[in-house]
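The structures come next, written out as C-alpha cells.
Below, subunit A partners subunit B and then partners subunit C, in two separate complexes.
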Partner chain A sequence: MPLRLIFRNLLKHKLRFVLTVAALGMAVFLVCVLRSLVVALDAGVRAAKSDRLVVQSAVSLFVDLPLSYETKIGSVDGVRTLTQFKYFGGTYQEEPGYFAQFGVDAGRLLEIYDEMEIVDGSQEEFARHRTHCLIGKVLAEGRGWKVGQRVPLVSDMFPRADGGPWEFTVAGIYRSRSSTVDESTLFFHFDYLFESVESGSAEGPNGAGVYAVLLEPGADPVAVMRDIDAMFQNGPQRVQTTTEAEFNAQFVTMMGNVPFFLSMIGGGVLAAILLAVVNTMMLAGREQTRDAGVLKSLGFTDGAVSGVLLTQSLIVCLLGGLLGVAAALAVSEPLAAVLGPNVAGFALTSEVILQALLISLALGLLAGLGPAVRARRLEVVEALRAEV
Partner chain B sequence: MFVPLSYNLKSLLVRRASTALTVVSIGATVAVLAGVLSLQQGFETLFKETGRADVAVFLRPGAGSEGESGISREKADVLKKSLAEIALNAAGLPLASAESYLAVRMRKLDSGETNVPIRGVEPMTFEIFGDQIRVTAGQRLRPGTDEVIVGRKLTRRVRGCQLGEVITLNTTPFRVVGVFDCEGPFSSEIWGDLDRIADALERPVYNRVIARLKPGLDVQAFAERMADHKDVPVKVQTERAYLADQTGALSITLRVIGVFLATIMGVAAVFTSTNTMLAALAARSHEIGILLSVGFRPIPVFLSFMSEALVLGLFGGVLGILITLPLSGVETGTTNWNTFTEVAFAFRVTPQVMKSAILFALILGLFGGALPAWRAARMDPVEALRRR
Partner chain C sequence: MSTLIELSGVSRIYTRGGETVRALDNASLSIEEGGFYAFMGPSGSGKTTLLNLVGGLDRPDQGTVVVGGSSIDAMSGAELAHWRAENVGFVFQGFNLIPVLTARENVELPLLLSPLSRKERREHARNALELVDLTDRADHRPSQLSGGQQQRAAIARAIVSDPRLILADEPTGDLDRASADGVLDLLAKLNRTLGKTILMVTHDPRAADHAGFTVHLDKGRLESVDEKVAAAGA
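Up next, the complex of A and B:
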C-alpha cells in the first residue's frame, strides 16, 4: 500500500487534520473520564473481602446499634473479632474540603483491615493514647499533616459541653493496598467518644454505628450472618448483617440512575463524534476521487485503493484516541484529588484505556468504510473526470 | 452592501448531507447540556419553589438538617404553645406541630435498597399546610394509630407502599391507609402518627417543630430572637430557606457536570464545524471569487459566512432541544447527599434551559464559523475565480 501517499493525504489539509484529531481526542478524553467514574463508583464492591461482614441496623442507616451488641456478636461461632464504626461528622477549622472520620476499636482496626499499612508513626502509639488518631496518606499529603500534628475537629453531631473542639493527635499515617479503605479518612478511638458522651462532657447519640466483623478462617459467612440476624430478631434493634460487598453496594444503588446517565452521556458523546469523523472522511474521500482513478489506472488493486482511505481514517482515529487517553492520564490524578472521598478510587484503569483505544479504532473503521467502499466501486474513467 | 441571506440558506441546502451531519453533531452536544440542565432545574424547583415563606422550621442550634436536629418533647411543647409569632387556627389554637424524622431502609421495586424519609406528624401538620397536602387515594391517617400514608412518588419506586400493604418499622407493623400528593419533597415521604412513629423507632426526641407564622412577620428578627432565647434556643428558618439549604450539594454537582461536559464537547463541536465549513469553503472558492469581484466588500462576505454558521448553530440548538424534549416530565431518582435520602424528581425542560441551549448553540456556531468566514473574506478574487 502506498504509505507515503497516505501521509501526504493526511497532511494535505493540516488544519483539518489537527482539528479532527483534537476533536476526537476530546471525545475520547470524556469517554475515559466517564467510564472511570462508573468503574470507580463500584470499586469498593469489587475489592470487598469475603471474610468480612458488616452488622448494621435493619431499620435505618442513621440508627446506631446498642453498645451491648459488641459482646453478643463477638460470641457468635465463626466471628474472630470486630470493631465499631461510628461516623463522627466533624469539620476542621471551617476549612473547605470534606474528609470522613470514624471512631473505631484502636487495637483491632489493623487486624480486621489488613490492607492498611502504617507508613509513618506507629500503631502502638495510636493504641496507647486515647486521643490519638490515624490518618490516610492522601489526607496527610493534602493538608501537609505530619505525625504529631494536632487536629481540632468540631462536630455538629457531638458538641462538647465546654464549647471547644475535639482535639486529636496524629499517631500514624496509613496507606491502603485496596480500594476498600480509602486514604483520606481519620480513625480515632471510639472509646474516647463514648466515654465523653457517657460522662457528660459531650452530647450526642450513644451507640456504635455499625460493627465490622472479621470471620475465623474457614467460617461459613452465610451461617454467621444468619446467626447474628436471628439473635436480634425481636429487638431492641433489629440488625441486617451483610458481606462487605453488599454493604458497599448499598451506597452504589443509592446513586440511583447516575451511572446510567453517565453511560448515556458517554454514548451521546461518541455518537456526536462519529458523525463528525464520518463527515470529514467523506470529504476526504470525495477530494481524493481523482487520485483513486490515477491509482487504479496505474494498476493498483481495488483493495489497495480503498485501503488508502480506510487507513487514513484509522490513523486519524487512533491518533485522536491516543491524544484523549494521554489527556485523561494527565488529569486523572488532579481529578482524583478534586473528587476526593466523594468518589474514592477514581483512577484510569488499563481496562478503560484499552476500551477507549478499541472504541477509537471502531470509530475509524466505521468512518472509513463509506469512502473506502465508494473508492473500490469507482470506474477509472469516471474518477479521472472528477473535478474536485 | 450585504450579501443576501438566501444565498447562504440555499448553499446549506445544496450540500445537504454535510449540513445535516454538522447540525446533528451540534445538536447532540446541545442535548447533553440541556439534559443535565433540565435535571438540575427539576431538582431545584422541587425544593426551592415549593417551600413556603409563611411556615417556619425550628431546629436545634447548629443543625444543618432535620436528620441532625433534635428537640426534646418538653422544648417542643414550649415552642408550640408559647410563641406570639405563631398564627392561630379558627379554634384559637397555635398552628404548630412537632415532627419526628428518620430515613429508613426500604427495598426498591426494581432492586436494591434506598433510604425513604419517614415523618411522624400531628393533626395540626395538615392544617399548617392546608390544601397543599392532597390525599389522592384511601384516607388520611387517624391520630394515635399505627396507620401511615405514603407520598405518591413512592408508590412507583418502593416496595410495600401500595394501599393496604404493611410497612414494618423495626418490629412494629404499620398499615398503609392512604396515598397523598404534594408539590415538593414531601411526595417522596411516608407520614405516620408522631408518637407512634417515635415509639416504633425508639426515638424519644423529636426532630423539628414547624409553625405557620403570622402574616407580615419579620422572620429575620424572629430568628435572631429565638437564637438567643434563654430557655429554648433554636435555629429558625422559613421552610423555603430550609429546603434551599438541602439542595446545595446535588444542585452544584449537576451544574458542574453540565458545564464540564458542555465545555469539552463544545470545543470538539467547534472544531468539527470549523472543519465542515472550511471544506464547504474550498468547494465554493469560485462563488466567493464571484461575490468579491462583483463588488461585495470583505466585511459583508465575512458577515455572510458568519450568519451561515449561526444558522447552522441555531438548527443544531433547536435539534438539541427537540432531542431533550421527550425527557421533560420523565421522573427519576437519586440520593440527595445533603440528607442521604432518595428524592424523585422530573426532568424539566424549562424556557430557561431552552434559552441556555440556544445561546450555547449560537456560540458554537459563532466560534466554528469565525475562522472559515475570515478566510473567505480575505480571499484574492482573481485566485478564487481561477479555482474551479
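Up next, the complex of A and C:
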C-alpha cells in the first residue's frame, strides 16, 4: 500500500482536509455528549437491582401512600425489609444548585441500598440522632460540607410553624458503588418529618411517598409484586408495585423520552456528516481517477487501488473521530458540573469513546466505499484518459 | 533474436454511441526481443489499441496475445497486474506522473510491489534517475519540472523495475523538438545498451527514425513492417 501517496493525497487540498476533519470532529463530539447523556439517564435503569421493588400509588407518583401500609407490605411473603421515601423539596440558604432530600428509615437505608458505603462519619451516628443526616460524596465535595456540618433547609412542602428552617447535622458522607444511588442526595430521618407534622410544629402531607422494598434472597419478585398489589386492591389507596428498573425508567420517560430524542438528534447529525463526507470522498475519488489508472498500469491490483481510496476515507474519519473524542473529553468534567444532579453520573465512559471511534470507522467505510468500488471497476485505459 | 511478442488474429471492437468500431482488425505480428519498434499510422488506425493489448491494459475480443511465452489474454485481472509489474514499463504522452509525489517517489512507486527494502528501493530509484540524467531534480514534484524532465522521470519509472518491455505511447507528443530528441535518444540508448524491447507509438517520422522497425497500421489493420537495418544495428 503506497502510504506516502495516501497521505499526500489527503493533504493535497489542505483546507478541504482540515474542514472535513473538523466537521467530523464536531459531529463525533456531539454524538459523544448526547450518548453520554443517554447513558447517564439510563444508568439507573441498567444498574437497578432485581431484588428491590418500589411500591407507589396506582394513581400517581405524587400521591402519598398511607403510613399504615408499611407494616402490611412488610408482612408479605418474600419481603425482607422496606423503607419510606419521602421527597422533601428543601432549599439551602437561597443558594443556587438543587440537590434532592429524602426522608427515609435511617436504620434500614443502608441494608436496602448496600451499594452505599459510608466514607466519613458513621451510620450509627445517623441512626442515633433524629436530626442527623447522610449526604453524598459529590454533594459534600461540591459544597465543602464535612461531618458535623449544620445544614439548614427551608421547604415549601413542609414549612415550619415558627417560620425557621429545618436543621440537619451531617452524621456521615456516603459514596455509591452503583448509579442506582447518586452521590448528590441528602437522606434524613422520616420520623423527624412525621413527628414534626404530627405535633404541629410543621405543616405538610403526612404520608409516605413510595416504599422501597428489599426482597428475601430467592424470593420471586413477580409473586411479591402481585401479592402487594392484591393486598390493596380494595383500598383505601390502590398501589402499583414495580421493579426498581421499571421505577427508574419512569423518571426517564417522564421527561418525554429524552433518550429517544437525544438518539434521534445524534443519528441526524451522523447522517448529515455522512452525506458531507461521502460527497468529499467522491470528489477526491474523481480527482484521483487518472492516478488510479497509473497505479493499475504499474501493476497495482484493483484491490490495492481501491484500498488507497478507502484508506484515505478511513484516515479522515478516524482523525475526525479522535478530534471529537478529545474535545468531548476536554469538556466532560465542566459539562458534568453544569448539568449537576439533574443528570447525575454524566461522564464520557470508555464505552462511549469506543462507540464513537467505531462510528467514525463505520463512517469512513461508508464514505470510502463508493469511490473504492468505482476505482476497483475502472478500466485502466479509460482511467488514463480521464480529464482531471 | 528470439520472438518476445506474438499477436495472432487479434481484434478489438468497441461500441461507441451505438456504432461498432473495429479498432484492431485481425492483426498478427511477431515482435523480436531487443527490438525497437515504431508504430505509425493515422489517428484511429489502432496503434494505441495494439500497444494497450500488448501491455495488458486491455483485452482482445478475438485472437491471442503471447508475451514472453505467457498468453496474457487468458490471465485474470490480478495475474495481469502482477505480470505488468514484472514485465512492462509504460511511457505515456501526457507523462502520467502522480502529481503529489516527487520525481524520486514516482520512480520508486513500481518498486513498492517488489520485495525490495526501503533502502534498496531508494538505491534503484537513484540509479534510474541517474540513467535519465535527472538526479538533481529528484525531489521536485512534476509541476516543478519541464515537459522533457517529466518524460525522463516517466522513463525512469518505466525502467526502474528492470522490465523486458517498454511501451511508449506518443512519448514526444507533448514535447518541444529539443526535449523530444533527448527522450528519443534516451529510448534508443535503453534499447541499445540495456537490450530493452521498445514499442513506440508515434505520428512523427523523425521519431520513428530512431527505431529499428516501423510497423504501419491503417483502419485497424497491419499494413507493413519495415526494418531499418542501419538504425537497428546502431
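As a working rule, the second predicted complex is superposed on the first by the 369 of 388 C-alpha atoms of A that agree within 3 Å, B and C clash if a C-alpha of one lies under 4 Å from a C-alpha of the other, contacts with A are read in each partner's own complex, and residues count from 1 in each chain.
Everything that follows uses one rule, which is that a residue touches a chain if its C-beta (ideal position, glycine included) is under 8 Å from a C-beta of that chain, and two chains touch if they have at least 3 such contacts.
Please read these numbers as outputs of a predicted model, since none were measured by experiment.
One of subunit B and subunit C touches more residues of subunit A, and that partner is B. By the touch criterion stated above, A:P217 is placed in contact with neither subunit B nor subunit C.
Using the contact criterion defined above for the overlaid structures, shared-chain residue A:T301 touches subunit C, although it does not reach subunit B. In the superposed model, A:G200 makes contact with neither subunit B nor subunit C.
In the overlay built on the shared chain, the residue A:G144 is in contact with neither subunit B nor subunit C.
In the superposed model, A:V278 lies in contact with subunit B only, and not with subunit C.
By the touch criterion defined above, A:A27 reaches subunit B but does not reach subunit C. Of the two partner chains placed around the shared chain by superposition, subunit B is the only one that A:A58 touches, whereas subunit C remains out of contact. Across the complex, subunit C meets subunit A through its residues 52, 55, 57-58, 77-78, 81-86, 90, 92, 96-101, 105, 109-110, 112-113, 157. The residues of subunit A lying in touch with subunit C in their complex are 1-2, 4-5, 8-9, 11-12, 290-291, 293-303, 379-381, 384.
Those residues of subunit A whose C-beta lies close enough to touch subunit B in the complex are 13, 15-16, 19-20, 22-24, 26-27, 29-30, 57-63, 156-157, 159, 234-238, 240, 249-250, 253-258, 261, 265, 268-269, 271-273, 275-276, 278-280, 282-283, 387-388. Interface of subunit B with subunit A (complex): residues 17-18, 21-22, 24-25, 28-29, 31-32, 35-36, 39, 62-64, 67-68, 102-105, 108, 111-115, 169-171, 201-202, 261, 264-265, 267-269, 271-272, 274-276, 278-279, 283, 332-335, 340, 342, 388.
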